[in-house]
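One structure below.
In this document, chain identifiers A, B, C and D correspond to the written order of the chains, with residue numbering beginning at 1 in each.
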Amino acid sequence: MIDRDQLVRRYLNVAGFRRGAMRVLPRPVFDFTDGAAEDEFTLRRNEAAFHEPALLPRPLQGVGERDLSVELFGRTLSMPVMIGPTGLSGMLWPDGELAAHRAATAAGTAFCLSHASTVPIEALPKAGNRWMQVFVYKDRGFTRSFVDRAAAAGYDALVLTVDNQTLGQRERDVRNGFSIPPKLMLKVMGAMAIRPNWLWRMRERRDFTFANYTGIEGGADRNTLAGRMNALLDPSMSWADVAMLRRQWAGPLILKGILHPGDIEIALDHGVDGVIVSNHGGRQLDRAAAGLDALPAVAEAARGRLKVLLDGGIRRGVDVLIAKAMGADACLIARPQLWGLAVGGEAGVAAVLEILRRDLDRALCLCGVTRFVDADASLLAPGVVSPIKPKAIAA
Amino acid sequence: MIDRDQLVRRYLNVAGFRRGAMRVLPRPVFDFTDGAAEDEFTLRRNEAAFHEPALLPRPLQGVGERDLSVELFGRTLSMPVMIGPTGLSGMLWPDGELAAHRAATAAGTAFCLSHASTVPIEALPKAGNRWMQVFVYKDRGFTRSFVDRAAAAGYDALVLTVDNQTLGQRERDVRNGFSIPPKLMLKVMGAMAIRPNWLWRMRERRDFTFANYTGIEGGADRNTLAGRMNALLDPSMSWADVAMLRRQWAGPLILKGILHPGDIEIALDHGVDGVIVSNHGGRQLDRAAAGLDALPAVAEAARGRLKVLLDGGIRRGVDVLIAKAMGADACLIARPQLWGLAVGGEAGVAAVLEILRRDLDRALCLCGVTRFVDADASLLAPGVVSPIKPKAIAA
Amino acid sequence: MIDRDQLVRRYLNVAGFRRGAMRVLPRPVFDFTDGAAEDEFTLRRNEAAFHEPALLPRPLQGVGERDLSVELFGRTLSMPVMIGPTGLSGMLWPDGELAAHRAATAAGTAFCLSHASTVPIEALPKAGNRWMQVFVYKDRGFTRSFVDRAAAAGYDALVLTVDNQTLGQRERDVRNGFSIPPKLMLKVMGAMAIRPNWLWRMRERRDFTFANYTGIEGGADRNTLAGRMNALLDPSMSWADVAMLRRQWAGPLILKGILHPGDIEIALDHGVDGVIVSNHGGRQLDRAAAGLDALPAVAEAARGRLKVLLDGGIRRGVDVLIAKAMGADACLIARPQLWGLAVGGEAGVAAVLEILRRDLDRALCLCGVTRFVDADASLLAPGVVSPIKPKAIAA
Amino acid sequence: MIDRDQLVRRYLNVAGFRRGAMRVLPRPVFDFTDGAAEDEFTLRRNEAAFHEPALLPRPLQGVGERDLSVELFGRTLSMPVMIGPTGLSGMLWPDGELAAHRAATAAGTAFCLSHASTVPIEALPKAGNRWMQVFVYKDRGFTRSFVDRAAAAGYDALVLTVDNQTLGQRERDVRNGFSIPPKLMLKVMGAMAIRPNWLWRMRERRDFTFANYTGIEGGADRNTLAGRMNALLDPSMSWADVAMLRRQWAGPLILKGILHPGDIEIALDHGVDGVIVSNHGGRQLDRAAAGLDALPAVAEAARGRLKVLLDGGIRRGVDVLIAKAMGADACLIARPQLWGLAVGGEAGVAAVLEILRRDLDRALCLCGVTRFVDADASLLAPGVVSPIKPKAIAA
């Protein structure tokens, strides 16, 4: 019933989908998608960093039909924007992860399932390009079991999130009393009651919780997100764990949450295939550098020896082009796909991807670039590139 | 009835004319003149870039009667501000292009007719200094026919706009349902109904559309501006097309939409006589550099071998002096003349030109400069000039 | 009846006096004191420039009773803040110039009479340290007569304002219909009627006009300030006029309105004794550099061979210390004394001077400096000093 | 009755405690804690300086249980945040200094008693790590007697505040008629009457005044804070006084109020053990550099030869980590503990300390740092560190 192209016309851009999500979701659920750690400085930095670089387009290049495809880890993506891992997508739309996966697959791009999904690892159909995200849990056997399940289910790549040694303090969630599953406090019930469409859609869901954790959810504090996560997370995770995963997992291994260029050489030593430059959308360490600001030094350190991806702050198609010019091979989106999901399920995610594809295509055309992979720093006006240089940083 | 000098006194500055235009135009029409692409960052950059440089005037120079004239392509202009090409000016005032041309001619400066004018190429009287703007259309024969018509009509210079490989996403227009000709949606009719003066003035206009395109306006999507334009535009346009136009057109050939200094040497190789440093008023690629920020590197690359003009963000006479100090030979205005046109037709455009002339004259006097052509970078406080340097840019 | 110290306690700082003046003056008169040219960028720059430098105080220096005195042109001033020339002070308070002169003399500092005063040159009592400001008029004989009158009246120094080749466009005045003398338009009368205290105080004033110009006030446009001034001003004024004045005037000769460091060497060649780094309070060339930003390069060019004074943007005592650290020998205030005058006549000006004296004294004490003349750039945190360097500027 | 952990949950962060204090305190008392000198630029700089540096965390370091302890002057503190000296804490809560001392001791950190405390030096129980702050008074014997009393009472360290040669102009206090003890003006009584909880809590307090000054409080102006303090303070205090205190006091001697790196070598020559980089919370010299901006040059000058502490602007746990990365050994808090005290007495101070401890612990964990003392500049993205370098400063 809901049609992708109608949604594209109605919401027009990612900001439109954000406003739409604010209208359809109960406030605590919207805040869970929108909020970040502490003062949310890093969240704002992520978005603002994209507003600094200035493009110097090259017209008259005889642009052909644009080719947005990128090759990543032996697979071709139709566009350099994939769907990053986001927990609890099922709170926004029934079986949200399945809907987002269908949209990504239809768009010809990759989908990364969160370890904190509301559907089990095995529930995602064997279609398209599927990545699985894992954590290093206190119980390493649990981590290993996730990897085994991902291998058995035929996932294409493994993403190890490394910036969650402990959960960031997300103050909107704390103030909203956000918990997993929702505590039916009066405040929460009130927020839900004024969103009847969401309530009706969710009427069959008995629980909004992690699908992959059965059997390990103990602890006194288990009802809050921080309590639940901190019972699982392990600050002692280290490069030795990367080495362990590398031995266990034969496919592409990607580290998510790298900002420091000094970590690139170590990652290469551990046989890592790619990194995602990320500060977890500002949800972990407030005051961390914006991903885009950290990107040039990381890319310079990598010198093409591993893939450099970026997430955080992508809101326009042209942002993807800017990231490419500053050193990223491709980008992941998180909040934008959640807002699409909240508004229209699979069609919403498809519309967000289509908006980014269309806008990136237009930006390439206007810059005089036919193939996305050919875009480079010559498009950027000097003097606005982030001053973070790898040589100036103690590794 | 409307008198130029009364309008000068009443509106006082370009911002005054903008407010005036907002009052007299239906909102979708005003937004068509005022808006830009996507988040309108580049539009705001254009204006803000002029607020950075600081002038260090030189009094006690014995300033005489100021001479604002500049020589461009063998013709003398009375002032270094000319009227740039703007589409559909006839929506603002009946036969708007003819009115603006009369004002420019009376002021002794040049007028550039847009290919997307509401009057035919041949309708402009043979008076003053007339430039004709063309595009590279999918049908190259169509482009060549425009050039032939411009030659036959005796235009003085040819301006090839190069930054419109595809139409930018102008979100105000999309949200307003702006179309060519206007679809009489309820929303649009409502906006028109509350502007009775405009309606009365326009009562004889049956259509607001392109006068030079008869016979080629097909396509399913023809009612939207993007649909209409994208059916015509050709991303494959290239320097080969410049070469073709150079062979066909004997007079001055100017490229509009250059920002990258690397394009100057190529332009010289193609026999181009001048460039207009421009981002299309921020209406094409949002995130493009401000024209003023891109100007110094372009001027440095040109080293006087071709004329360097600037458009985008000129709102005060002193802006023209700043542009000169940063390397421009002269400037074009677009939105200011549209606001003048909307408020008072020919007299409004004349008033805007007079305001800019008067204010530039005063700025020169206060800076201790008698002849505009003598103003140079020594008037600028160092450290505030744009850091974009040609040597730092891969050509 | 009005007591200086009561006013100090009541208004506390210069911003307090500004608010006070806004309450007591008819709006067109307040705007005449408060406004500046065009968009008032340079006015805001003047104030904002003082907010950039950061002080690194040196405690434990054994500060004694502070000595704020400075020696200027053979005379000692009790404090490095003097009253700069402001036209038409008599509009704010009856015989405003006499009141301000009394306050300055009582405070032990200098007073500079404007050529555009509402009292004649000869009316100022022979007391204190009196400077006379002159212009180069179209009629050089008129200028010479002013100098002769100043010499006959025993003035201590001559200030030649050089940045008024023509009058800046002060848009508040234009919109207010501000004229000399006031045209009794309904709008102006209304603004006056709601300020009964001011009206009562001014009941004996029949005219608010220039006292030194009788016999030369012709011209069609004589009722507007711009018309009046532009009939007198002469853009052709040049260094030759400085040479003429130098021959005619034996005492200290000061140029007001220098911003470009390249003018210092020329001034020295012409026997000039001092310069006032100034942009006329932003009332002439909008977009001119802030005086404080231009100061370091001017001071560096002067190398102590002539006195370097500063006006524009002084609102706090600590501003005077910052100006000293960046190269100024002393400062002049204009708007602050006008606001003091409007609020309390002589007592108001005295209160403004006392506030600046007290606050500068405290700032010196907290910085560990006993004698104002010893404050230097070592108090400033590097990296925040204006980047304007004389070597980088074509002279 | 009030429980620390309840307060932590309720107020969540320091900003929450500030809002709480605004609600419970009469406005003049809140303003006394919250306000600063003149325009409060330096206060805002203090907070804003922490928002500039960007962190580049190092995950995968195998973080163990965090160790936040630091060694200062032979004692171990459980966390690198101690309570700085604040005058008149007893206005916020009965025996406020005793409450804050109990909270600090329970948290395992140090407490510095202000010379301007509302409890006598001897009233603080012999527990924990107690520092005593002194001033150099006009009557040096009085200063010496304070030192003797501190020694007799067994304090662990002596803090000499050096940036109070005279009292800064705190304009909120002046406008509020804030006096010591409070004058019962109608305005003040009104402000108190609408804060009944505070009034009830304070019902037994007959006076809110300095406990250590009996016998010396003369002077006509004694009722205002400035009058009281300026009767005591001595601008002539100098390094000779430091030498005198060094001879008299055998324990650790710390100078509070150092910003200029040139003072470090002199301090070392005088046998000083540590400095507190501070601008007195912006309450003395408005326009002084932010402490954090001044810190790197001071730390570089110190080269580990004396301890470098920082106060001013700490509002988040991560701020302490940023200060460490920029060269501070530990930090002091002032306003945050006052807001805690106002809201909940000892439990409020304990909650503020716990919030900072918890948030610093999390920031370390997320940065991949196990021991606070190991955090260094490699965590900071280059280019955002303050440009103040000791070599560029005349010492």
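Note that in this section contacts are C-beta pairs under 8 Å (C-beta built on N, C-alpha and C of every residue); 3 or more make two chains touch, one makes a residue touch a chain.
Keep in mind that what you see is a predicted model, and the values were worked out from it rather than measured.
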{"item": "Same vs different contact residues, chain A with chain B, by half of numbers used", "value": "different"}
{"item": "Relative to chain D, chain with the most remote C-alpha centre", "value": "B"}
{"item": "Centroid distance [mean C-alpha coordinates] between chain D and chain B, Å", "value": "59"}
{"item": "Inter-centroid spacing, chain D versus chain A (mean Cα positions, whole Å)", "value": "42"}
{"item": "Of all residues in chain B, the ones touching two or more other chains", "value": "none"}
{"item": "Category of the chain touch graph - line, ring, star, complete, other", "value": "ring"}
{"item": "Chain-chain contacts as defined at top", "value": "A-B, A-D, B-C, C-D"}
{"item": "Complex contact set, residues of chain B against chain A", "value": "38-39, 41, 45, 162-163, 165-166, 168-169, 171, 174-175, 235-242, 255, 257-260, 262-263, 266, 284-290, 293-294, 386-389, 392-395"}
{"item": "Residues of chain C defined as touching chain D within the complex", "value": "12-13, 51, 53-64, 316, 318, 322, 359, 362-363, 365-368, 376-378, 381-383"}
